[in-house]
Amino acid sequence: MIDKTVPSVEQAVGDIPDGATVMIGGFGRAGQPVELIDALIAHGAKDLTIVNNNAGNGDTGLAALLANKQVRKIVCSFPRQSDSWVFDGLYRAGEIELELVPQGNLAERIRAAGAGIGAFFTPTGVGTQLAEGKEEREIDGRRYVLEYPIRADFALISALRADRWGNLVYRETARNFGPIMASAATTTIAQVDEVVPLGAIEPETVVTPGIFVDRVVAVGQRLWLRDGQFVGGVDIEGRPLDANTDEEKEDAA
Amino acid sequence: MSTRISRDDLAKRIAADIPEGAYVNLGIGAPTLVANFLPDDLEIILHTENGLLGMGPAPEPGLIDPDLINAGKQPVTALAGAAYFHHADSFGMMRGGHLDVCVLGAFQVSQDGDLANWSTGAPGAIPAVGGAMDLAIGAKDVYVMTDLLTKQGESKLVESCTYPLTGVGCVSRVYTDHAIFDVTPDGFAVREAFGDNTIESLAELTGLTLVGR
Amino acid sequence: MIDKTVPSVEQAVGDIPDGATVMIGGFGRAGQPVELIDALIAHGAKDLTIVNNNAGNGDTGLAALLANKQVRKIVCSFPRQSDSWVFDGLYRAGEIELELVPQGNLAERIRAAGAGIGAFFTPTGVGTQLAEGKEEREIDGRRYVLEYPIRADFALISALRADRWGNLVYRETARNFGPIMASAATTTIAQVDEVVPLGAIEPETVVTPGIFVDRVVAVGQRLWLRDGQFVGGVDIEGRPLDANTDEEKEDAA
Amino acid sequence: MSTRISRDDLAKRIAADIPEGAYVNLGIGAPTLVANFLPDDLEIILHTENGLLGMGPAPEPGLIDPDLINAGKQPVTALAGAAYFHHADSFGMMRGGHLDVCVLGAFQVSQDGDLANWSTGAPGAIPAVGGAMDLAIGAKDVYVMTDLLTKQGESKLVESCTYPLTGVGCVSRVYTDHAIFDVTPDGFAVREAFGDNTIESLAELTGLTLVGR
């Protein structure tokens, strides 16, 4: 019997070695494999190259991984944000390397790795600083720049549901980088809200077929869902809206 | 001082130029205002590059869904008829020329339609590009929404950009607080001048030779 | 209100001009836009370039389009089959041009057209006759050949269901070339079993977003389905299994 | 005359070498026989390049589904845990090296692992390639299933292919009715000789210098 489930996030990430290239899914809070990132921090692998759309926000998740000095280089499209102070500090101190890639080229380069494409000509970035030194070519009257695949040793992604074969479905815009990163890594680790029985995911609706997934770990339902239904009550980062109220209640009690 | 229309009026003006059935991406920042002025009785389909077509307005505060956000990472909703897809498919949609209109902000637009909107090129600044370069080439028509002048009074319409480029020859029209300009083979053409602005006054403000309409 | 539905297959294909490049979906009977092909035959546009996986089978569908002398050139991966006599005859007579493309390169070239990729390096076909004269390059120790996008003026595809925005879902392996062809044509025409109300297709399960679809025409349920459920009773070409029996009954009556 | 095992026995032998959990594509023709001998108690996931992972056996005659076919256009079924996808995704799966095993037929295999199986190169023949070239490079291990000799008694294992190539250096192992050969940097290595076949007899039949194991 094929069973890709592993019992804990610790076991899921336990063999990520120092120096590995690790893709991390998510765009904002959506699709961010929070529990896997925390496990990677606890695991402590160093000298990592991270591929993500951003370079961490606030002091948790990817930012905490950076703060823990585990990351040598980051490949991303949008490092600088209002709350990217951890990255900003490391970058200005020369302690982290940055490869800046336009978001669509980032996605297409990851997709190319998964689909066995050796390189491709993209119109994005032509004539800009980010195409400097890259091969350019005019095809049918349009200018293109040659871009190469981005592969990884591991991908850490977050999906809504999996079965034991590793078939995945996502939720809304939390899909983002998950499906392509799953295809581009030697070992893909998916955290999911729940593992359902084989056959419970309709074959027409599978977004990531299990062939792209090596390990599945159930981490429980997101706070804004109950029995698979959206119930709200959180902010955009997924923190309870009534948290303060609760604290105040406790203070009052 | 010459007439300047408000941000909201400019957003309204852009919204009026978007036809029913158009597939539209509104860039982060001021361009998102355009959504507020799309007529309720017309169906215009909004794309957000993080994987959604058929984006709807912001949810009620208690119903924020962290899984359902726009490219600016703000909470949104999905309309009946919406579709989700992954990042490679989403950017393929843009790069493949399937969107009708992108509306973007700008630091500078050159008279050849070059766009600079991702970096001031200031030394020591941490670069970040996001989807800007994909959006710049990602629609049949790329509209820029911007003030005509910087806070220092310099024209954002220029002969050639001095800021780092986002895209080459990609802008089709520039909506500013003073006037609307089309990018033509002969340079900027004044499509519509607001209030007391004239081709002559705009030429003086921009320092460019402008084409009439 | 956006309404991409058109009332008839005749109207759906009525503006396809002579000389057009037309992609036709389907792999075997699965996903073949039978009613649209018949309408194209009735319409009579000539000098067409057809992109399909095959070059027609038996005497119906694409084979009938060929027999009607409407096709100048065909781009496909597998023209020669046991029942491809129409194509075989035209080809041997020098009356049709053939561009033979390995199936995966065919799919990727169509996808590239839809995704705005100017060209890509593929490992498929390297060192073979089908790569002769094409640019070759070694990347990271592997040989690749450069392939270009295949675009079309029109795509004729078949899906299970659509809404009036043109969102499509397919059925089983009938999905095949539909989603990529829809993205690669200036005008995409989808025949569907039924058009459902906007919102009836769950956004998570949309396979082809409406942005890729220009016209939708309902042609009624396939013979092997009833009320959306598979009921069987047909052969692999979709012909009723009891057809002969019925004829025999009629003969006996 | 030397021992030859039957097609079914050869299919059985190949099936026995496929481990649980493998993702496998069985080419059109003889390789499809392998499916009949995969152990019921092991989960092996079959891929068909027309868009399905988790392919099951043929349906009952009255339950043929024209929408559910394999690459040979024969009716199949889908197992619990199956997934459908479009042609570009399906061939990306192969080209990207995600399949563990492909089993293919052959006209010729060279000692460098070149495969010829799509065209005899006969003048006037109508060419057709289908997915052959994608399959040839489309798995971590490409196994060939074939008779060792043609009907005319010529070896299908050759120093270099005379038929048009399907793929270069792509074959890892050849299962024939006489013996199983691994493709190694030193040429074909006899992995297992059936019945009274020996390295020497196989070397004579093929006219090649063979490596022992």
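Which chain is which? They are A, B, C and D, in the order written, and residues in each are numbered from 1.
Going forward, contacts are C-beta pairs under 8 Å (C-beta built on N, C-alpha and C of every residue); 3 or more make two chains touch, one makes a residue touch a chain.
What you see is a predicted model; the values in this text were computed from it and never measured.
Chemist: Under the document's definition of touching, what chains do subunit A and subunit D have as common neighbours?
Modeler: The shared contacts of subunit A and subunit D, listed by label, come to C.
Chemist: Using the average of all C-alpha atoms in each chain as its centre, how far is it in Å between subunit A and subunit B?
Modeler: Spacing between the chain centres: roughly 28 Å.
Chemist: Where the CA atoms of subunit A average out and where those of subunit C average out, how many Å apart are those spots?
Modeler: A distance of 35 Å separates the two centres.
Chemist: Using mean C-alpha positions as chain centres, tell me how far subunit B is from subunit D in Å, no decimals.
Modeler: Inter-chain centre distance comes to 54 Å.
Chemist: Two or more other chains touching the same residue: where does that happen in subunit A?
Modeler: In subunit A, the residues touching two or more other chains are 108, 111, 115-117, 122-123, 170-172, 203-204.
Chemist: Show the residues in subunit B shared as contacts by 2 or more other chains, in ascending order.
Modeler: Residues 52, 78, 84-85, 88, 91-92, 94-95.
Chemist: How do the chains pair up in terms of touching? List each pair.
Modeler: A-B, A-C, A-D, B-C, C-D
Chemist: For subunit A, which residues count as touching subunit B in their complex?
Modeler: Touching subunit B: residues 27-31, 77-81, 87-88, 91-92, 98, 100-108, 110-111, 122-130, 143, 170-180, 207, 222, 224, 230, 232-238, 241 of subunit A.
Chemist: Hey, which residues of subunit B end up touching subunit C in the complex?
Modeler: 20-21, 23, 43, 45, 47, 52-54, 78, 80-85, 88, 91-99
Chemist: For a test of understanding, state which residues of subunit A touch subunit C in their complex under the given definition.
Modeler: 108, 112, 115-123, 137, 139-140, 142, 144, 148, 169-172, 203-205
Chemist: Spell out the part of subunit A that touches subunit D in their complex, as residue ranges.
Modeler: My answer: residues 1-2, 111, 113-117, 163-165, 167, 183, 198-199, 201, 203-204, 206, 209-212.
Chemist: Under the stated contact criterion, what part of subunit B meets subunit A in this complex?
Modeler: Result: residues 48-52, 59, 61-69, 73-75, 78, 84-88, 90-92, 94-95, 114, 119, 124-134, 137-138, 164-168 of subunit B touch subunit A.
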